[in-house]
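Chain naming follows the written order as A, B, C and D, and within any one chain the residues start at number 1.
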Amino acid sequence: MSFLRIGPLLLAPLLEAVRSPERGAIATFSGLVRNHHAGSAVQSLSYSAYQPMAEAVFQTIVSEAEAAFPVRIALVHRLGEVPVGEAAVLVVVGSAHRGAAFDALRWVIDAVKGRVPIWKRERYVDGREVWVDPTAPGGIVPLKERL
Amino acid sequence: MSFLRIGPLLLAPLLEAVRSPERGAIATFSGLVRNHHAGSAVQSLSYSAYQPMAEAVFQTIVSEAEAAFPVRIALVHRLGEVPVGEAAVLVVVGSAHRGAAFDALRWVIDAVKGRVPIWKRERYVDGREVWVDPTAPGGIVPLKERL
Amino acid sequence: MTTFRVLLFARYAELLGSEWVEVLLPDDATATELIDALRQLPGGALLPASPFLVMNHTQVSATQRLDSAAELALLPPLAGG
Amino acid sequence: MTTFRVLLFARYAELLGSEWVEVLLPDDATATELIDALRQLPGGALLPASPFLVMNHTQVSATQRLDSAAELALLPPLAGG
């Protein structure tokens, strides 16, 4: 199964994937494209990935989380252009009890942000385009001047 | 707006209620009826409430959470019979960033469980019926013998 | 003396066989006096000595005087969520 | 000498104007030698001195010897989620 998707992400199939009669708690996280970043009005953004490695790392994260917590995980991440307000990532966790579900949810989204080879390019309303780079001053790096 | 509902609960309208272009994180919790409790196979359960007080306490919890965290909250709780696998409570939190969303989500569901005057009666597959009572030994109290 | 009406829920309604009861008490009765009277009613012996009593949706302490015009309710241990 | 092919992504692909590059290096070249060579390429000067290099999806340390048959990739700072 692929974790990377082109086009809008849907929560319902992920909820179904973790639902079972012995699980009493389902926690979800939706990461949506905000209309502001680094002080600028965002028009849209675009995700790219090192796809085979990203798929492998997503699977590793899910396996590690399911070994560390008594939970079942489902997640998807969007690739390509994402308009403001739409989801870039969805994580769903099912568990017998809510404590483990919340702990695993936070762990998984932190791992996704920290370990999966995915990159984000932002287009601002004023026409500028940048790479999002958490290690750069201000968190962004301008695209090269077009020739 | 009423927080108590008869019949199946839907996540989608709650997601819409907290969605906005400046909120990049939506976290949800669904509390589902499990098929086992206190060592017994559950057939169904039934919620009752002190309705006017419950509505007021839900509103207080939402207001307190929205004052304590930079979030927007939506929630509903089901009343009456709920089959195994269906949701008894849904909590949805929208925020600019995920940390506040997770913190508020956990706070709200703990507050709902601890402060809202709602009661739960469980029917087991073997025919027994009990009141759920977290203060009782084993967490349940049998119903009186029927005359 | 004044009639105090008390709403009952869930297991307490089951124990006393009704969703509300009325008891006659002095006008300035306290929460403890009300609860003692409820425990004398048929089925009331299984009520705890210090149940969760609310007046107009707010918890009442044992020594607090009650207002018979307010909405009084006796709440079993909560089990929502 | 062996040809090492390196996949590039996002800003690094933009800097070097390509989604992959090939460089000729000694058979037992280390990660540092590969990165030094990449920084000599047109547009490569803006690459960091110690970028995130992976071989078959696993991070490579600076002194590690590379396998030209493995899949090498240079990863900009991650920004998923």
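The criterion applied here is as follows: a residue touches a chain if its C-beta (ideal position, glycine included) is under 8 Å from a C-beta of that chain, and two chains touch if they have at least 3 such contacts.
Owing to the predicted nature of the structure, the values given are computational and were not obtained by experimental measurement.
S.K.: Taking touch as defined above, what minimum step count separates chain A and chain D?
M.R.: 1
S.K.: Going by C-alpha centroids, which chain is farthest from chain A? Tell me that one.
M.R.: Result for the farthest chain: C.
S.K.: Would you kindly tell me how far, in whole Å, the mean C-alpha position of chain C lies from that of chain B?
M.R.: Here chain B and chain C have centroids separated by 26 Å.
S.K.: What's the distance between the Cα centroids of chain B and chain D, rounded to whole Å?
M.R.: Distance between chain centres, rounded to whole Å: 52 Å.
S.K.: Centroid of chain C to centroid of chain D, CA atoms only: how many Å?
M.R.: It comes to 75 Å between the two C-alpha centres.
S.K.: What residues in chain D touch two or more of the other chains?
M.R.: none
S.K.: Could you list the positions in chain B whose residues touch two or more of the other chains?
M.R.: 31, 109
S.K.: Which chains are in touch, pair by pair?
M.R.: Final set of chain pairs in contact is A-B, A-D, B-C.
S.K.: Can you list the chain A residues touching chain D in their complex?
M.R.: Against chain D, chain A makes touches at 31, 47-50, 52-54, 56-57, 77, 88-89, 109, 112-121, 131-136, 141, 143-144.
S.K.: What residues of chain B sit close enough to touch chain A in their complex?
M.R.: Of all residues in chain B, those touching chain A are 11, 15, 19, 21-36, 84-85, 96, 98, 101-102, 105-106, 109.
S.K.: Going by the contact rule set out above, which residues of chain C touch chain B in the complex?
M.R.: Per the stated touch rule, the residues are 7, 9-11, 14-15, 54, 57, 73, 75-81.
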